[in-house]
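Note that the chains are named A, B and C in the order they appear, and that numbering of residues resets to 1 at the start of each chain.
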């Protein structure tokens, strides 16, 4: 069946200050297709969608909707055109019922609410699209998958033609994911056009009709799903290995076992298993990478190892001693450092200055406090030492950290975490969102730590980084370890396949 | 005996009404996400303004209009400070409480203790007031009480059965979602705060022109705080607030009278009951051990800023 | 955010000059508003204000009177500052003050015989304990069950005040008295004045506590941890800080200081326990804490000013000005200063160029934008 083009974005460019978020992007959407938008964080996917939603206006380029040139002036205009999005963070009111939530967003109910009518209308729509929702249920009672269905219903009830979903499977269990994609296929069959943003290669290949890969603001590749291979996608998303190899001293023979993780089961915030029966061990003096698409349990693993998340079952042993029940502070004292992925939400306090951030974990130590009093002189001294050693550019150590650039903030965070010569450094996406210069500096620091004899647990999505930096790599997919390899004995292809769910 | 119970019930209703106006007003305000701790001050301003108008013009009609206007103006100021200027709601509420108490005493100095010749007179509703017992309890009150008979069910209907009421419920839980639906969060909050303060002012005039007919500094005697506690106690529900108000009223009156019958328990302990009851109710309805979703509006007391997260 | 052509942006750093100048300007505006009210009741604001200032601040007696009136305000202000510094809305200073007075007063009136100095010290500790324990009720509810501490502390105020009422009208009521006051506390337990300045020694307690707090908050690890918690509970937990313990500690400390207001008032000013002892100081304390921007040293100064304000009512009452002028001015000043705070935190600019209308609805998008903007 010949599908017609419903939307065409030609040469779209969007600039934020000096950064080029979208660089002459061309995108073509056919009616009734499921189109996947693939790419790393910062590749420009969200920006592009925001342009479609009327949140941003492109600096240049044109949009053609159903053959006619349009300029999407505002979110309201986008809604009128029939373009809508399901965000990762749902916009639902927990205390209202499903029907009430939907009517709230589409704004079409009478002054006096007729509960029965509303629920019947929703039930009818739900049946038409094959979505199982209970119109009378209160949203706080629903599971995440069901809540997402309500969000999708909102779009459908607005007679949305183009539905955009932002990382839809990020919050779902595999079964719920399957359900959801089945639903999306049904929408597509009914004539709706679906765009979903993802960076999970496996689901993109399985569920999309066509795939567009964005990289660095440009369209890197575009293909039919049936023509896609992991290799081709990986090459497009990550690119060829181009970075200089950082100096790495060979692994010591028979280096001792540092940490043993046995049959670890950890829950995520919603009470679902994020890690299922994970086992591996870490040695001194190595960089051990955890590869895998974000959302497969990496955050929970990092937090569990740092002592910030309770372990449901399983055991963590350090140098033979069981430390599973120890808390964050005890782990810090054991020499475990944690560089969290949420730089500003967890790792640093943006409103406080550099000195205050540097002592965040160390303030109890005699060097920085005596009889409960902070030793300002030594704190200032160590701050200045950091600034010099790591070349942390700042406007002044008395100014809040929020005024520093992302790269320098990260340098500060990393410097702080390695300060006490830790034995284990958990680094979650340490160079995410940083420019090349800052990235290289951070990598150099981590490599120095490894050479010194510490173990670095590097959680990353970028195969470049993993292959350059790490000695061994484990792939996490859906909370399970798919395989562990020495990086010298494997390649992008194998890791990519493991990441997409193929078993070792 | 019947006469005794009848009179207690009737007095309880009068007491209840005098705090219900404020309580219901504050329920609307808090459901929209704004907590106003200044109820006591606004009530006093309502009481003194109404009294002054009647004192100078002998017109109840005008008095009510002025009272509503005064309440609305105070509400506008409070809304401006907390919504547009994003001031801290707790501190702002305290300021209004102190300001209202002070200003009311200040401008009411000259008319302190003087009895007003005009007040809200009791009207016996024909036929209904002749019903034995029930007639005496419910149908021999003044206009303000009868208005409340309508306002309570009307509020319930508005909040739970109408579209704007649904939006209100959403507003206090997740203003971002309401904003995303294209509804003007700021404007709505302004309206509800203004409404809440106007109602609170009416509560004040219940005391100076209905319950009694004179003005005295601080005559609300803490009723503003009882009204505030009623909001939390009732789980932000007007019907439950009405029941709670009657309960608080009954307890307070019984407390005064019980001195004679049960001299062992001092009246102050009866006075404590509404407050303790509120704390207990708050624990039950909002404590984090609950499996059910908490009843407290999730966005209560939080500034809504589109940009800042 | 745009309102038409007006743009509002949150400021990152507040310059010191703003922090000092801003409140002063708005206090003056508050006084200006007050003068409108004064004119409305038929008096000349300039005469009224000048009389008030000269009465309270230009004579030694006036100053000592201002300090005396300001004593409980200082302690309540300090109490509230501590709690607010960690974003805990303790509006229960009034009740904690009362409870402190009750516990300490009980001991002073009915406690066992012991050397006077010792008795005074024990009473001091009991007053602090009374306030602390009362505050910890709300603290525990907040720490363990996340119950709104604003409402709980408020409700407990009335429970405490009613209890005080009961005691003073009932079992503690002094013989031959008709008002709700207790017997006087033993003569030796009166807090003396300093030399013959007429300034009560209680001020030393207040100043010491203020200095202690200043040091505690600024220079100790405990104060540092409090600031971390205030900024981000998540980061505090990441840093291994026990947040629950701190909630209990801070509210306990806050209550203890409010309880000491009871100590100072009972031993230094009224020399007995009476109903309505706090008399609204707990609430005024909140106003003072806010005006002082929660800085302990500023609290002392502002409290003396407020004390002077309260004191000077006597002077203008003779003229016929209603005594409520003090409360009215307090409220008016506070409202204007609150309004003025806005300018400390936000920058307003007028932008005539049509800007890209956009709003960030989603945390994810916000983060992505941050990354792009490097």
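Just so we're on the same page, contacts are C-beta pairs under 8 Å (C-beta built on N, C-alpha and C of every residue); 3 or more make two chains touch, one makes a residue touch a chain.
Here the structure is a predicted model, which is why all the values come from computation and not from measurement.
Ranked by distance of CA centroids from chain B, the top chain is A. Centrality by Cα centroid goes to chain C.
Taking each chain's centre as the average of its CA atoms, chain A and chain B sit 48 Å apart.
Our note on geometry: chain A versus chain C, Cα centroid distance of 45 Å, whole angstroms. Once the centre of each chain is set as its mean CA position, chain B and chain C turn out to be 27 Å apart.
Taken residue by residue, chain B touches two or more other chains at 176, 180, whereas all remaining positions touch fewer.
Chain A has residues 91 in contact with two or more other chains.
Of all residues in chain C, those touching 2 or more other chains are 359, 361, 363, listed in ascending order.
If you check the complex, the residues on chain A that touch chain B are 75-76, 79, 91-96, 100, 103-105, 107, 109-113, 138, 140. Per the touch definition, chain C reaches chain B in the complex via residues 1, 10, 37, 40-41, 89, 91, 141, 144-148, 150-152, 154-156, 158-159, 162-163, 165-166, 169-170, 283-284, 286-287, 290, 322-332, 334-335, 338-339, 341-342, 345-346, 359-361, 363, 366.
Chain B makes touch with chain A in their complex at residues 161-167, 169-170, 173-174, 176-178, 180-183, 293, 298.
Considering their complex, residues 16-17, 19, 21, 41-42, 46-47, 50, 55-57, 74, 87-89, 91, 166, 306, 308, 327-329, 332, 338, 340, 345-349, 351-352, 356, 359-361, 363-364, 369, 372-374, 376, 399-400, 402-403, 405-407, 432-435 of chain A touch chain C. Interface of chain B with chain C (complex): residues 35, 37, 41, 77, 81, 85-88, 90-92, 94-107, 109-110, 176, 179-180, 217, 222, 225, 228-229, 232, 266, 268-269, 271-272, 275-276, 278-279, 282-283, 286-289, 296, 301, 305-309.
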